[in-house]
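First the structure, then my questions, so here it is.
By letter and in written order, the chains are A, B, C, D and E; residue numbering begins at 1 in each of them.
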């Protein structure tokens, strides 16, 4: 009888199918283990399901958690760190072969890898190339970011010419408009190196620059240069697909969906805009999720888990994954292989994200975020931003409040672990 | 009340009540006790690190403007839902009561929304009220010139969840009102007619006062409904948003407890909700005792 | 003038005819009582007068106004319902004044009228009570009070006493009688209680199946019932009704071939005059006109005595009901409470034919 | 009544028809949407002429939402709650009404304390309880610092507590919702209206308590049971928060929750036609139950008030 | 032998004593009727015999078995309830056979017993009907049938007719009487209806407040009530009870100083013999022993005539109740239906003191 390995993940629709293909491939490649992949909803829901299962002692072997849950998982005491698992199972892995910008996000303070990066992304800017052409605007560069001011002008032109009903939409507003904005402009999101250096960090994203950025977006709302598409339902992506918006900021993982869903116009990818005062923009930070191995299973099963994780990291799998979904190939080997194949010549937009990620040496502000109760903090940021969009608060007020409320969460979290 | 004709048996009554007691103890009392204890704990999401903090969670809640706001939101939401569905239910029942001959048909046509799950009601109404393609939203925008956008505007979202919640309660209220009206002796209405009361007068001076027990009962039931069962409506329509403007208490319990994993605070909120319900229930029974009597 | 004139009135419920064309002239200030078995149409008739049911055909007149299409409130009638129909949420004062308030009478008028009615009915100290704080009799009085204050020209009562216990019923009966003497209005009163009908009515209307069978004073109904239905309906214990044949000479009755009785001269003459000889008839005789020979009786011809067997005896103390049989024909007789007759006794049963009734067997109509 | 109010009568019917239309509108609209292809349904405003895609959309909803499985789950859950509640409360009410014993009052009061408390207010601890039925024992273990013992068990593949979790199971979906006093209360009220003489007559006839229950009480409660079947079935079918929490395995999910998967979300195209078709399918069973058993349903609803 | 012997029986409901030690010997095959005002303990006593209430103190015996601790089903008693208590979901046959089935009688025995009972009660054609398909009287009969099939030695009836209308009540009364003659069992019957008690009972037990006031045949109770309570309770219209004083000679009664009556010799002698002179007493006289001079009466001494004023008249057809007043003392008299006396008439009221009752004003006990 084969040993069953449970994997709970958040990959649905286009990405879900790719996951399924990978699992099938693994199951066929050997006859000792069988991986059962289950979609447990979106990122929040998977994390919740996982935590609930851990509390109920019914946890799966592998749990996919988005980057926001990293701190929570790391400190939970319910995990089997990946570096340990791999060495216990006898795998000698060359961690230097991995994309360091990604690995560092998931390492503990001793530099040990706690979870296996799986689907890593970063936000980029999609645009409706047809509209750009129609408006006579040259297509943006794939390597040099445009400035926000330039974007503003472009959008204004398009709206004035009635080429686009609205300008910009942004998914994951906290991630793309604040977290990554901070990273790219080398602003602290939180103190103590964005939380990497201690639980006693405080949020700092209410800096004048961020406030100004949000204020600008708010300003753009007036003439529809910015459109708030909500957190869910028919959200930003749908607006872009329906050609209601000309520009759309989202994770590189959007590629999979756009490839599938967009039939009647040309689209392309560019790096995120940068403020004009930022001459040398920093790298963006990653998003997506990693696979956590949960404690409480047998040695035999962990062998299977290790085998599966190792399988996923194989260049062949990574290349397939990258091509299908847009997520980064996680190892340099795979990346080099792709370059060698000339894939990026063929599909240049696939490289925009990875280049944006690698364009500078990460600083303390752009390494990533390591915050407790980050899920709630995101919700708070979302809520407060919504209050800006619907005129209940000024950007300054909203961000101050978000910081204050978020700090409360951080303190509560700190209290638990002290 | 005790029946005077009782059976005497040593073990049988205990045996009979056992399943009920067992289920109640396991899934009510033990959890309630646990909830009470949890409400005084600070705990990590995994329940591995806990510390006893007495009433800190409660203090935090009552000093948290957002919680207070959530109470306010719940008040507005429940009040509006109850008032809307009760008044519409009463209105239609009054009409149906006049249309004696087709009463049964009308009942059939109105009764079914009761069976629709709140969550589905949420989906249906979301489809009607969605800012980009909902028809009703379109009508609102066109005819009233309102910038209807529940994704963005808290008040619009509130109106939207109230509509979806009130809609399915109308049928419930309707059934009770119709039954209540039928329980009023016709001779009372006839007496009022002979006293010279017009149909409106009869409604205001006789029917409505005599329906007051029903009205009160429905008030309580509707408030309980809008406090708890509307979870599905909120979850499918707004998830408490935008900007927390539809984050009613029970949704906050869920958000803080199951999404935010702040179990202590969530338990404290549960305890508060429980107390509210207990008070409402006591009130209800007190009032029911003093019910108006129709004939003797 | 508050006479009520009912002319050829019909009532249809859907396709079913409940009242089949009735005519009745109720005089001003008269106390009229409707009696009859359940479902005969008493309430329906009353409710048509009140305006609570539409009149399907015919006309009704109160005073000199045709009321067919008038709303109840415009008919100057007031009604006391069987279950009183007091407004449970209003106190006695409000119950009584509700109608006046609706008519926008000035406050002082209302107050004085309610006071007056309350005094008549002894309710003065109860004006602030709610109906549920009152006894059955008091509620009944409030219901009357509510009618009185409106100073209607016609009072309508639908079995107003049937929810009360026996003692209270007797008492309230007296009160209604007194009320009629005081307010001097026309009263139409429905009951199924014979005693009420007999003691209260100026005239009684006996109904059956949507028809009026007889209208008359209590005495007339008792003494001269027009048919077997009325005869059997009025009086307790009910009249004995026995099928007999009348000889050609109208001089002798033969009861089911078992025994014969010579008729008194007066009756025989009357029958003969009307040509009623030689036919099947029904003899009606009340229990009190049947006596057994256990004390001195009015002297009667010997041939009115028939031998009978006592089947069983119901002694009520003050009087005794005897169930006797002449062969297999059962009779009920009424005698003193002190009688010594017991079950199984053979007694001579005396028919006091002076008080006899005679009905046509076919039409059931009275022949005398 | 002789009363001429033609204007009022007309208004009555006009408003009635209006009321019925307004109440029915969401469904009518959903029905139309469910017949349209995706292009039509995403047009603004959506055309009000039904299309021909009804079956296609139904099938899409069925497959996409795995409604077969989920409807079965819903059905099992709703029936389980219904049957469980009714049985438990019939016995409970019988015990409370027809016996006199020392703990009766306590039993009565303790059960009725739960009358108005929906599962939502005790959701968290009930969840914990369902997650680990041995919670009470576990807390004892914790108290005695025997945690290491559990860990040992856990890491050695001997799962003691594992079996007692109700998560992702039918008992977990059902049992906690059986814990409610409403049915018991209603049965108690009903039993109290049954003439005592009936019980006395049965006693004189030599019936034992259970014979009386089986032969007299149960048949007499038929209509009340029918009424509660309707109400509790609808209640069970429409549960949301509880199944949302207690099921994580899609194979155990109930239909009302599962609908979430076919409502268009951020990643999807706006397949509202499919979503509406799915909604219609999922709401159909309880709506049918209510419509066909209206008489009992109304009786059951209205009686508790009395 | 099915005599029922009740010895010193008490009943406590919690701390409240409802029955205060009663003694009664019901003979085999006797028809005993309990009467008394509401709440006096009639039902309680019956239910103790049935085994539906525990006996708090004292003993009950049926035949030669002490039944205090026997279960109802083992007492060989059967009960007919006021509301019949038919099992609504079972047809007539099942209702009647339920008890026998529980006792596991063979099928044929059950069938024959039910058939037999059904024949006695004329229910044969109704065996397949459900209770709601039966009329009130039929239901009543099924309830009796259910009792009969069990062949009990004692039948218990608790107000079995009070839910029926007047006509049916009379009819069912006769049926119960017939039943008693047929089954020849002991019957204990509770009612609040005097007529039932008088007509059915071999002996009547009058209860008040948990005590037995008097036990006797209907005649005894009517003729010789032991106290004012029984006197007022038995007879309709009730006996007139007037406070008077008896002179020292025991020869003359003076009623509230308003008028005086000389006592008949026999009564005066008896009173004097018992030393009852010169005390406050209550005169009891039944309406039928008060006559007005509107026809020939038994000759009475002239000084038994007192002038009276007719307050109001209730003509019932066969007889008339007169409400008369001697100054302000009200009396009710009974006279013929044919009387011509009307309200406001002045009449001589004749006291037929041969039938008078006299009670001690303090103890309310009979003095004669």
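The rule is short, and it goes like this: a contact is a pair of C-beta atoms (placed from the backbone, for glycine too) under 8 Å apart; a residue touches a chain by one contact, two chains touch by 3 or more.
Chain identities (UniProt): B = sn-glycerol-3-phosphate transport system permease protein UgpA; C, E = Sugar ABC transporter ATP-binding protein; D = sn-glycerol-3-phosphate transport system permease protein UgpE.
Fair warning: this is a prediction, and the values are worked out from it, not measured in the lab.
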Required minimum of steps from chain A to chain C, each step between chains that touch: 2
Set of chains adjacent to chain B and to chain E: C, D
Chain pair, most C-beta pairs within the contact cut-off: B-D
Centroid distance [mean C-alpha coordinates] between chain C and chain B, Å: 57
Distance from the mean Cα position of chain E to that of chain A, given in whole angstrom: 96
Distance from the mean Cα position of chain D to that of chain C, given in whole angstrom: 59
Centre-of-Cα separation between chain D and chain B, whole angstrom: 16
Multi-partner residues of chain A (at least 2 other chains): 52, 55, 231-234
Where chain C touches two or more other chains, by residue: 51-52, 71-72
Sequence positions of chain B contacting 2 or more other chains: 5, 126, 132, 190, 193, 258
Sites on chain D touched by chain B in the complex: 1, 3, 5, 8-9, 12-13, 15-16, 19-20, 23-27, 29-30, 33, 42-46, 87-89, 91-92, 94-101, 103-104, 107, 110-111, 113-118, 120-126, 128-130, 133, 135-136, 175-176, 178-179, 181, 184, 191-192, 196-197, 199-200, 203, 208-210, 212, 234, 237-238, 240-241, 244-245, 256-257, 259-260, 263, 270, 272, 275-276, 279, 282-283, 286-287, 289-291, 294, 297-298, 301-302, 305
Of chain B, residues touching chain A in the complex: 42-49, 51, 66, 126, 130, 132, 151-154, 239, 241-244, 255-256, 258-262
Parts of chain D lying in touch with chain A, wherever the complex brings them together: 42, 127-128, 131-132, 154-155, 157, 159, 161-162, 165, 167-168, 245, 248-250, 263-270
Chain C - residues contacting chain B, complex: 50-52, 71-73, 77-79, 81-85, 87-89, 98-99, 102-103, 131-132, 136, 139, 146, 150
Touching residues (chain side chain D, partner chain C) in the complex: 1-4
